[in-house]
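First chain written, first letter: the chains are A, B and C, and each begins at residue 1.
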Amino acid sequence: MARYIANKLFYTLISLFILISATFFLMKAIPGDPFMSEKKVPPAIQERLYEQYGLNKPVYEQYFKYLGDIAQGDFGISMKKINQNVTDIIKDTFGASLKLGLVSIVVSVIVGVALGLLAALYHRKLIDNVAMVLAVLGIAVPSFVVASLLQFVFSSKLHWFPTMGFKGPMYYFLPVAALSAQPIAFIARLTRSSMLEVLHADYIKTAKAKGLRWYAILFRHVIRNGILPVVTYLGPMTANIVTGSVVIEQIFGIGGIGKQFVQAITVRDYPVIMGITIFYGALLMIARLVTDIAYGFVDPRIKLTGGKGD
Amino acid sequence: MKKSKSLLLLLTLVLAVGTLLAACGSNDKNNGASNSGENAANSGEEKLAADQTLRINLSAEPPTFDPAQAQDSQANTVLKLMYEGLVRIDADGKEAPGVAESWDVDGTKYTFHLRKDAKWSNGDPVTANDFVFAWERVLSPNTQPAAPYAYQLYYIKNGQEYNEGKITDFSQVGVKATDENTLEVELTAPTPYFLGLTAFYTFYPVHSSVADDAAWATDPAKMIVNGPFTLTTWTKGQTIEVSKSDNYWDKDSIKLTKVNMSLVESGATELTSYRNDELDRAGHPNGEIPTDQIPIVQKELADEYKVKGIASTYYYQFNANAKPFDNVKIRKAFSMAVDRQTLVDKVTMGGQIPAYGYVPPGILGASGEEFRKEHDDKSYFQENVEEAKKLLEEGMQEEGYTKLPDITLIYNTGEGHKKIATAISDMWKTNLGVDVKIENQEWGVFLKNRQNLDYQIARGAWSADYNDPMTFMDMWMTNGGNNDLGYANAEYDKLINEAKASSDATQRDTNFAKAEEMFVKDDMALMPIYYYTSVSLEKTYLKGVNVDFSGAVDYTHAYILEH
Amino acid sequence: MEANQSSGISTPADLKPDDFRKIGTDEKQAEIIQRESISSWRDAWQRLCTNKMAITALIVLLFIVIAAIVGPYIAKWVFNYNYYTNDLLNTNQRPSAEHWFGTDDLGRDMFVRTWMGARISLIVGLAAAMIDLFIGVIYGGVMGYFGGRVDSIMNKFSEILYAIPYLLVTILLLVVMEPSLPTIIIALTITGWINMSWIVRGEIMQLKNREFVLASRSMGAGSGRLLFRHLLPNAVGPIIVTVTLSVPNAIFAEAFLSFLGLGVQAPVASLGSMINDALTGWLYYPWRMLFPAIVISLTMLAFNIFGDGLRDALDPKLKK
């Protein structure tokens, strides 16, 4: 196990390096720079800004300098948010996204798995159809529509929740509802599909034949085996959700990392783009690693092996 | 941390009590003035609300509150609350005393007499040296990062030379503190609008303690300011809050105790939250009311709906080097085939004014009257489909086209830009029978293409930096930094250069009018579309909000009535 | 070569050690398996036909596809409307006999625009989903089947690709390539297939140690055959669910790109961008949001129900 994890971590580091390199050159290939504006500043000032931020050097030199800096743990300072550390910017914006994201994930998994399980147990019955229609609606209605409708109904008309901001528990409800709609739908369908398979599997029949009680079968066999695809999906979904949804953050006025990222790209704030990319990449890779390990626990048939194929 | 918080709380309490007292005092004063009686609920008497907290929204978070680094209208709104320059622009758009009590102007030499009671928020007096310090900081080539708007100080003698490193001795730059309260400024050339410029944030004084601390302008604990409000909270990405300063020299005239700013990008959300009474003001310049909603709020919130012309022009620019717009007749044909009145009535809907010239209303001319009123833009050209068709045909003949080359119009992302581009390209199709492809480009890509003259028609807009036609006219000089038209006209350059050197208001005015006529009427170098308006919603109980000629908003003297 | 020899029936007395190996690799044996699975397609179709919900969904889908194709022509023949001509004197009109779905903020007929939008969205959604399916299944299958180093490397590659800021890629693509529908589809599929590949990988990892796989491997099935004949058909459930989800995902990703100004170019609009445009005024001009939203939701609904039916019909494990 230890060897397995060490091995995976090594791969992750290499991946991060490739990710950094690819993103860096990609970013530099796009037209524009942090100091462009509709009203151009005089060339002398522009030149000085380039010089101060090292943008006047050849791209490969900038690249090696950047690698050197991050090797020392220095993610640099923003080129647009004057004198603000990239790490501080990530810390500030990620906080909001993380809180919102974690709540959404918990809600999604509980509601999604419950819906999917019900649908599978009552396959082709009314409950199945209702659950699936609900699930499909969650997918069929775009998140910006869901968010706007929620905002209209629950804050404009009913005045139950505030329209915007992120200052306390009441501010969670609407964004969480809007954020979880799609994952709930996805998880519900994934669960239903996979539970159906499990329910038809021979070992379930065997278990039934053995006279095991239904809840024992359900919890010991059905859920444990049927939840695998959800676990697979959970890794990237977690990374996805906690890194923020631009649309939801914009509509509800939450200063999250998703909004920050899009904004950094729009204004070509290079250090922030890189910082968030690395952060996001690392998060994603760790989430996937954890998923792989979790697989081993959920399904004993999957063996975790070191480097070599089996 | 905790200590400073409770200290803040105490301070706020003190302020609140102070304001209450101040409010009582000013109430009597207002009795006489507020008999407008436009609102029945008002019953002719203005009674201040107990809670003088203003709630507004900024659609983007200001990157910094360092006056030397600021570049955006959001920062401008907040900086106006926290700082005060030599002069302030009052409700009538005139220069009023700020930190400077009075000033003498002698040609290119300005002497500012600073008031003795002006104080920083930490109690230090504001002296002439603080201005010298701040301006040196803006101009110095060693400032890290370089101040982008340093060129606003290029009017000062040797300012540009010092900024470009040609002079290394700051004492040669035309700014000097002769004593604690006297600031002498010498300019390179007569600049009639210089006084107004000193109200702009790049000219604000800065406390000398910032020299050793790079991060001061983002940290409420370290921000030392000289204006009516101090920064009390900045939760990144969520809220900004400023509170009334106890050390501001004119604090008695300030009624607001707090300004709460949320940071929501979506105009629709801002509007919802305004209608939910979570905000006191919405819309321009810190946000935008969605176009679809304008006719609705205009009807439903008629008392709160405010439209004001501002000095900005929206236009489509022709690339003079690209086919087919290297032909002036074709440019004219495209411009004349657009129905501007219908466009502003049905598409943009914010009461914009159809534009046939380049300098917008709000910019003053020589007579003290608006330049646009002195020189009517209707004389430059008129919309006429028949004439347009004829011109197009003639133009095509001159160039030997049997069919126009493919034409693409580029614009940057924006709901309004998309609607306008769609509507105008359809007008061209209907009126001229020309198919114009429209292409939305991502901001950076768009900007690069436009600046590299890599386009045929592009969306463009220009807003005033100061109240003088020069801020619009000098950009189209041959090879000017912002001339992304490829426009080159020696005669035009001559007229503008003359105006730059002259201090004779009438001659400048004549030159501007001639140059504009040449630029629009003769050359149709760009196609004016409309003059901007500032569309906003303001609760009826909110008074004293001042939107200046350029559309910048000043909340310092706002107050909230009982409601 | 040698295989021909062993096709004859032999008596036990003729047995030689060679014969045992040959049977396992016999081409004809494989043919039999293939023929059987062809008939399983017909079998699946028959099972699908008994599923009324799925058939209804299929009919609805076909109806939407046909409407997306002919709808704009109908409006052209009947009223001479097209999707781009503005009528600024008749903006935001309610649905009426003249404008069946009302008009939009530039006075354009919503009936034409809705079906034009459906056309765009369907093309984007289907093309992206098919590409995702094709790449994702093969990639994920190979990853999951081979495991070990192959899996590690391919997995890491997909993770890197997934982590590269998607917006940067799209912006660059639109700079390099003409901003057109194919460009947008490419932009959507660059990272779109990865999710599918991970789902497939997970399934295959789980399935490959099952008894039936072991059995067919011991009978000498090759890797390709094992993967495509045994493993993937057994993972068809999650695959179909993922495909039916990648259609709406692609459609909404396109809407998000439009939101940022990187989607299809005006005056052409997709359903997603039409809804987005109508969102701020939907209370006052509900038809501008309602019709595109109904079409998009109906498409998704039909797609998902049909997908479920297909899954039930195809899944070898659900055979009774």
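Keep this in mind: a contact is a pair of C-beta atoms (placed from the backbone, for glycine too) under 8 Å apart; a residue touches a chain by one contact, two chains touch by 3 or more.
Just so it is clear, the model here is predicted, and its values are computed rather than measured.
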item	value
B-C compared against A-C, more contacting pairs	A-C
Geometric centre: closest chain by C-alpha means	A
Chain centre separation in whole Å, for chain B relative to chain A (CA means)	39
Chain B and chain C: spacing of chain centres that average the CA atoms, whole Å	50
Separation of chain A from chain C, taking each centre as the mean of its C-alpha atoms, in whole Å	22
Shared interface positions of chain C, touching two or more other chains	171, 175, 260, 279
Residues within chain A bordering two or more other chains	30-31, 148, 152
For chain B, residues that touch 2 or more chains besides their own	268, 442, 444-445
List of chain C residues in touch with chain A within their complex	53, 146-152, 155-156, 159-160, 162-165, 167-169, 171-172, 175, 195, 198-199, 201-203, 205-206, 209-210, 237-238, 240-241, 244-245, 248, 252, 255-256, 259-260, 272, 275-276, 279, 282-283, 289, 293, 296-297, 299-301, 304-305, 308, 311-312, 315, 317-318
Contacting residues of chain A [partner chain C, same complex]	7-8, 11-12, 14-15, 18-19, 22-23, 26-27, 29-31, 129, 132-133, 135-137, 139-145, 148, 152, 186, 189-190, 193-194, 196-197, 200-201, 228-229, 231-233, 236, 246-247, 261-262, 265, 273, 276-277, 280-281, 284-285, 288, 295, 299, 301-303, 305, 307-310
Chain B to chain C touching residues, read off their complex	267-268, 290-293, 296, 342-343, 346-347, 412-415, 418-419, 421-423, 425-427, 429-430, 437-442, 444-445
Touching residues (chain side chain C, partner chain B) in the complex	84-86, 88-89, 91, 105-107, 171, 174-175, 179, 260-262, 265-267, 277-281, 284-285
Parts of chain B lying in touch with chain A, wherever the complex brings them together	57, 60-61, 63-64, 66, 69, 71, 141, 144-151, 163-164, 214-215, 217-218, 235-239, 262-266, 268-270, 272-273, 275-276, 278, 442-445, 447-449, 451, 461, 465, 481-482
